[in-house]
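Two complexes, one shared chain (subunit A), two partners (subunit B, subunit C).
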Partner chain A sequence: MANTLLEISELKMHFHTDKGVVKAVDGVDITVREGEIVGLVGESGCGKSVTSLSVMGLVPQPPGKIAGGSIKFNGKELTTLSAKELQKLRGNEMAMIFQEPMTSLNPVFTIGNQMVEAIRLHKKEVSKQEARALALEALKSVGIARDGVLDEYPHQLSGGMRQRVMIAMAMVCNPKLLIADEPTTALDVTIQAQILDLMRKLNKETNTAILMITHDLGVVAELCERVIVMYAGQVVEEADVRTLFKNPKHPYTAGLLKSIPQLDQRRKRLYSIPGNVPNPRNMPKGCRFAPRCEFAMEVCREKEPELSPIEKNHISRCWLHSEQKEEADRDIVGNTASSS
Partner chain B sequence: MCGGIAVRNAAVFSPCPDASVLFDPVLDKETVLNGKAGEIVIAYAIRRVLMLIPVLIGMSIITFSIVHAIPGSPAQAILGDRANPEAVKQLNESMGLNDPLYVQYFRYLGNVLQGDLGTSYKTGRPILDEIGPYLAATVELAVMAMIIAVFFGVNLGILSAWRQNSAIDYTSMVIALIGVSMPIFWLGLLEQWVFAQELGWLPSNGRIDPRMTFESITHFYFIDALIQGDFYALQDAFNHIWLPAIALGTIPMAIIARMTRSSMLEVMRSDYIRTARAKGVGEVLIVYKHALKNAFIPILTVFGLQMGLLLGGAVLTETIFSWPGIGRYLYDAIVSRDYPVIQSGILVIATIFVLINLIVDLLYAYVDPRIQYGKE
Partner chain C sequence: MTSSETLLQVRNLKKYYPIRGGVFGRKIGEVKAVDDVSFAVKKGETLGIVGESGCGKSTTGRSILRLEEPTAGEVEFEGADLTKLSGEEMRRMRRELQMVFQDPFASLNPRQTAGSIIEEPLIVHGLGDAKERKEKVKELLSVVGLDSYHAGRYPHQFSGGQRQRIGIARALAVNPKLIVADEPVSALDVSIQSQVLNLLEDLQETYDLTYLFIAHDLSVVRHISDRVGVMYLGRMVELADRDELYEHPIHPYTRALLSAVPVPDPDAKRERIILTGDVPSPTNSPKGCAFHTRCPHVMDICREKRPEFKDQGSGHFAACHLTEA
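Our next item is the complex of A and B:
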C-alpha cells in the first residue's frame, strides 16, 4: 500500500465568536495516501471546508483556534509549523481549489500574471519567460489550448474555463496533495463531468493525491476510491466506495444514500433525512445524529459513540455497531439506578 | 446595460442594444494588438471632451450671473470709493457694463471661444498671460499635497484594515477623524507657529526664498530647478512647500485613509485573496499587490474629487502661506471686483476639475480591466 501522505487525527478547530464557541470541526480523523483520491462528504455546514482550510493553514486565527489534534503532512506536523514554513508548502506541495470559480481568480490581473506568480513563488530560479512557457503547458494539460489566454483577464473566461485555470494553477508546481473543495458545485452538469474527468486524468498522470470535498455522492461514486462521511464536525463513517454504497453502516450515511434520486423510483417523493443539522454552538449530548436517527436508543442520547472499526477498512461512529455498547449500556443503567 | 461605465458586453458609444454588434467592447488581445483598444479609449475621451462643452457653458452662465449679482460696480472699484460719480458712469459705459446682461455674456463667451479670457481691470493685462504662474503654483502645491495624502492615506488605511479593531486601527482612524475635522486655517497657523516660528525648521510662507536668484521658465519651480540643475533652489522649494502641502493634504489624506480601510476590508474577505494565500503568496504581496489594486477602484474616485477640490479650493491655504496660486489670484480679484478675472478664473478651475475627473475615468480602465467605456 502506498505511503501515508496526510494524516489528520482528532483535529478540533473551534471558532471563538461573540455569540460563543463554534465547534466547527470537533474530532476529525482523515488519512490520505499518496496518489489516492478520497472523498469527503456531508451536509452543508458539517465542517468540510474548515477541515480542509485547516490543513492549508488558511483558517483565520482568530477567530479560529486549533483546540486539539494533529495534522501530519508528508511527515511534518502542520499544526505547530510557523506561518512562513506553511506558506512555503502552500501552492507547492499542497494546493487547493475552491467552489467559486467565478470569484476565485483575481479580476485585475491577467491569467498569465497569476499563473507565473504561482510558479515563481516556489521556483525562484525560473525566469519569467520560462514560467510563461510552463504556465501555457499547464493550461494545455487542463484543456485550454487557446492562444493568448495568458494575456486575458478572468472576466473573459467562462466559469468552467476559470475552474480549469484554477486547477492548472494548483497543479503547476506538481503538488503531492490537491484539496478540491466542491470544485464542480457551481458548474453546470456537462462542465462538471469534464472537470471530474480532468481531475481523474491529472491524478493518473501526476500521482497527485486528491481530497475531494463534495456533498454530491454521485461525484464520489464516479471519482473516489475511499469515502469519508462527516456529520456535525465529526467523521461518522469511512470505507472504500463500493462498501460504503453497498453496505453503509451509519444511519446518517444510509440516509444520505437513500436521498440520491434513482431512475427506477422517479415517481416517489425523494427521501430526505428528517430534522436539521444541529447548531454547532449547541451540540446534542451523546450521538450528534440522535435527534434525527430512526434507530436512536437510550445510550445514544447519553454517551457519544467513538469512531471504531466494524470490519477491515470500514469504520463508523455509531452504537449500533460498537463493541463497547454493552459496557456503555451498563454504565447508563448504573448511573440512572444510583441517581434515583 | 446603458449605465455609466458599463461592465462587459455593453455597447460602446452606441444606443443599446442593437448597435452593440458593431463594436466589440471587450478589450481582447486582438483588439489590443490591432491598436483598436487605443482607438476606443481615444474615442471615449473625445466624446467626454465634447460633453464638457455644455457643462462649461453652464458654468460660465452661473459664474457670470453670480459675479453680476454682487453689489458695487467695477468702475467704482477701479476708481476708488471717493471717485467722481460722473467718471464712474463714464467708465462703466466705456467698459460696456451698461449693456444688457445677455449682450455682455455673449460678448464674454465669444471672446473665450477665441481663446481670449479677457483683461484684468486691475492690472490691465490679458488674463491668459497672467494666469499661468498662478496656475503652476497651485498645481505644484496640489500635486505635492496629493502625494502626501495618497501615501499616508493609503498606508494608514491598509494598516487599519490589516489589524482591524486593534489599537493600530483605532489610532489610525482617530488620526483620520481629526484630519477631516481640523479646520485648514487652524492647522496652517499651528504648523507655522511650531515649525517656522518655534523650531525654525521651515520657512512659513512663499514658494521660494525671494533673495534667491532663480529664473523661472515653466513656472513650476521644481521642474525649473531640475532643468537648471540648481539643487539649492530645489531644496529651498521643498522647504517652502512642506507646510502648505501638509495643511492642504490633511483632509484628502483622512478621506483616503477611511476609504482605503473600508475598501481593503471588503477586498481582503474575497475569494481571490484566499486563492492567493492558497498559492503561498506572502502577506505583504497579498496586501500591496492582490488587494490594493482591487481596493484602488473606489480610492481613485475619491482621489479625483479631492484633486479637483485642491486645485480650486486652496484659497485658505494659499492665503495663510502667501502661496501665489490661483486661489489667491481669485481671492484678490473678488476683493477688487475684477469681474473678468473672477469669471475666467472660475472657468479655468472648473475646466481643470472636469478634466481631472475625465483622466480618473480613463484610469479606471487601467486599474480594472472589467470596465468598458460604455454609454453615459
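Our next item is the complex of A and C:
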C-alpha cells in the first residue's frame, strides 16, 4: 500500500460568531494516500469545504479556530505551522482548485501574467521567459493548445477553459496533493466530462493524489477509489467506492443514494430523507442523523455513535451495526431502571 | 392522465436580442437566443426541456409567458395566440400559466412574509375577499407541506427547499393549468431535491396540472417527464417520448450529452463520447446545422443546410441530416 500523504485526525474547526459557536467541522478523520483519488461527499453545510480549507490553512482565524485535532501532511504537522511556512507548502506541495473558475482568476490580469506570477512565487530561480514557457507547457498538458491564451483575459475564456487554466496553475509545481472543491459543479455535463477525464489523466501521469470534494455522487462513482461521506460536520461512513455504492451501511448514505434519480431507471416515486440538515448551532443530542433516520432507536437519541469498523476498510458511525451498541443499550436500560 | 389534447402549441418561436454598438447605438448584430423552436405540450403531461447553459431553454420558457417579448412566432394556449394579446389580456391570462423559478433565494421578496407572497397573486387577480384569501393561503401552505404558522415568517427564515415550496404555493394560488418550472430543483441538495420532485408529482396528480419542466440535469428530467426535448444553441434538436429519447437517441448531440452524464454506479459500463470544444457563441451561430462544429459525424451538407426538425416516426422528432442518409 502507498504511503500516507495526508492524515487528518479528530479535526475540529469551530467558528465563533455573535450568536454562538458554530461547529462546522467536529471531529473529522480523513486519510489520503499517495497517488490516490478520494471523494469527500455531503450536502451543503456538512463541513466538507471547511475541512479542505483547513488543510490549506485558508480558514480565516478568527472567526475560525482549530479547537482540536491534527492535520499531518507528509509527516509534517500543519496546524502549528506559521503562515509563512504554510505559504511555502501551498502551491508547491499541495494545491487547490475551486468551484467558481471566474472568481478564482483576477479579471484585470492576463492568464499569462497570473500564471507567471504564481510560478515565480514558488520557483524563485526561474526567469520571466522560462516561467512563460513553463506556463505554456502546463496549459498544453491540460488541453489548451492555443498559444494566444497567455495574452487573453479570463472573461475571454469559457467556463470549461477557465477551469482548465486553474488546473494548469495548480499543477505547474507538481504538487503531491490536489484538493478539488466542486471543480465541475458550475460546468455543463459535456464540459464536466472533459474536466473529469483530464483530472484522471493528470492523476495517472503525475501520481498526484486528489481529494475530490463534491455533492454529486455520479462524479464520485466515475472518478474516485475511496469515498468519505460527511454529515453535519462529521464523517459518517467511509469505504472503497464499490462497497459504498453497493452496500452502504449508514442510513444517511443509503438514503442519499436512493434519493438520486437515475438515468437508466423507470419512473417511480423517489425516496426522500425527511426533514432538513440540523442547525449547526444546535446539534441534536445523540446521533446527528437520528431525527431524520427511519431506523432511529432509543440509543441513537441518547448517545453519539463512534466511527467504527464494520469490515476491512469500511467504517461507519451508526449504532445499527456497532458492537458497542449492546453496551450502550445496557447503560440506558440501567439508567431508566434505576430512575423509575 | 395524459390525453391527446394539446394545451400549448409553440410554433416557430424566435427571440433575438439586438447587439448595439457604435456612436449612434445602431444594431450591429443579434444574439439568437431562441431560433425557430416548435413543439406542443399535451394536457396533463410533463414536457421536459434539457440543454446546456446558453442553449435558450430558459428564454423559451420565459417567452411563452411573455416575460420576454418573443421576436417572432406563435404561442397558442387553449386556442388563443398569446403573442397577440394586449398587456392587460396577457396579465389576465397568466392566471392559467404560472412559473416556478430556479433560485428560491432571489425569486421571493425578502421584505414580504411567506403568507403575503402566496396571497399576492390572489389579490392581483381579484380572487376572494380578505378572509377567503387567508383561508386559501393556509390551505396552500399545507398542500406544499408547510405549516400555517409559516405564513408570518420571512424568506430568510426558511431553508432552500422550504423556499422552493413557497414559490410553488405562489404559482398554485390561482389554480393555473400550466406551470413553467425553470430549473426548480437545481439549487437544492439531493435529499431536498427528491422531496420537491415528489411534491411536484403529487400536485400534478391532485390538480391535473401540465408542466413545462426546464432543467439541465438529465436524470431529473428523465425522472419527471413524459416527453423530453433537447435544445442546442437556440434550437430544438430532438424531441421524443422519455424512454424512446433516452434509450434510442437519434441526434449525435443527444447521444453525446447522455453519455457524458456521470452515473452513480462504479460498475456501470461507460462508452463516453467526449465532445471537443465549446458551444459556439449564439451571436455568430454556425451556418447549416448548429452542432456541426462539434459533431463527430459531420458531413458536407451539415455545413451548408440547416436540417429540418421533423418526425422520424411515431412522434420522435429530430433535426439531423444523418437521418436522411
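FYI, the second predicted complex is superposed on the first by the 335 of 340 C-alpha atoms of A that agree within 3 Å, B and C clash if a C-alpha of one lies under 4 Å from a C-alpha of the other, contacts with A are read in each partner's own complex, and residues count from 1 in each chain.
The rule is short, and it goes like this: a residue touches a chain if its C-beta (ideal position, glycine included) is under 8 Å from a C-beta of that chain, and two chains touch if they have at least 3 such contacts.
Quick caveat: nothing in here was measured; it's all calculated off a predicted structure.
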Which of subunit B and subunit C A:257 touches, first, second, both or neither: second
Which superposed partner A:142 touches (first subunit B, second subunit C, both, neither): neither
Touched partner set for A:197, first subunit B, second subunit C, both or neither: second
Partner chain in contact with A:236 - subunit B first, subunit C second, else both or neither: neither
First (subunit B), second (subunit C), both or neither touched by A:228: neither
Superposed model, subunit A: greater residue contact from subunit B or subunit C: C
Which of subunit B and subunit C A:111 touches, first, second, both or neither: neither
Subunit B-touching residues of subunit A, taken from the complex the two chains share: 56, 58, 87-92, 95-96, 98, 100, 103-109, 117-118, 121-122, 148, 151-153, 155-156, 166, 169-170
Contact footprint of subunit C on subunit A as seen in their complex: 43-44, 158, 160-161, 188-194, 196-197, 215-222, 241-242, 245-246, 255-257, 259-267, 269-274, 276-277
In the complex with subunit A, residue positions of subunit B that touch it: 8, 26, 28-29, 32, 270-272, 274-282, 290, 293-294, 367-370
Touching residues (chain side subunit C, partner subunit A) in the complex: 52-53, 159, 161-162, 189-195, 197-198, 201, 216, 218-220, 222-224, 242-243, 246, 256-268, 270, 272, 274-275, 278-279
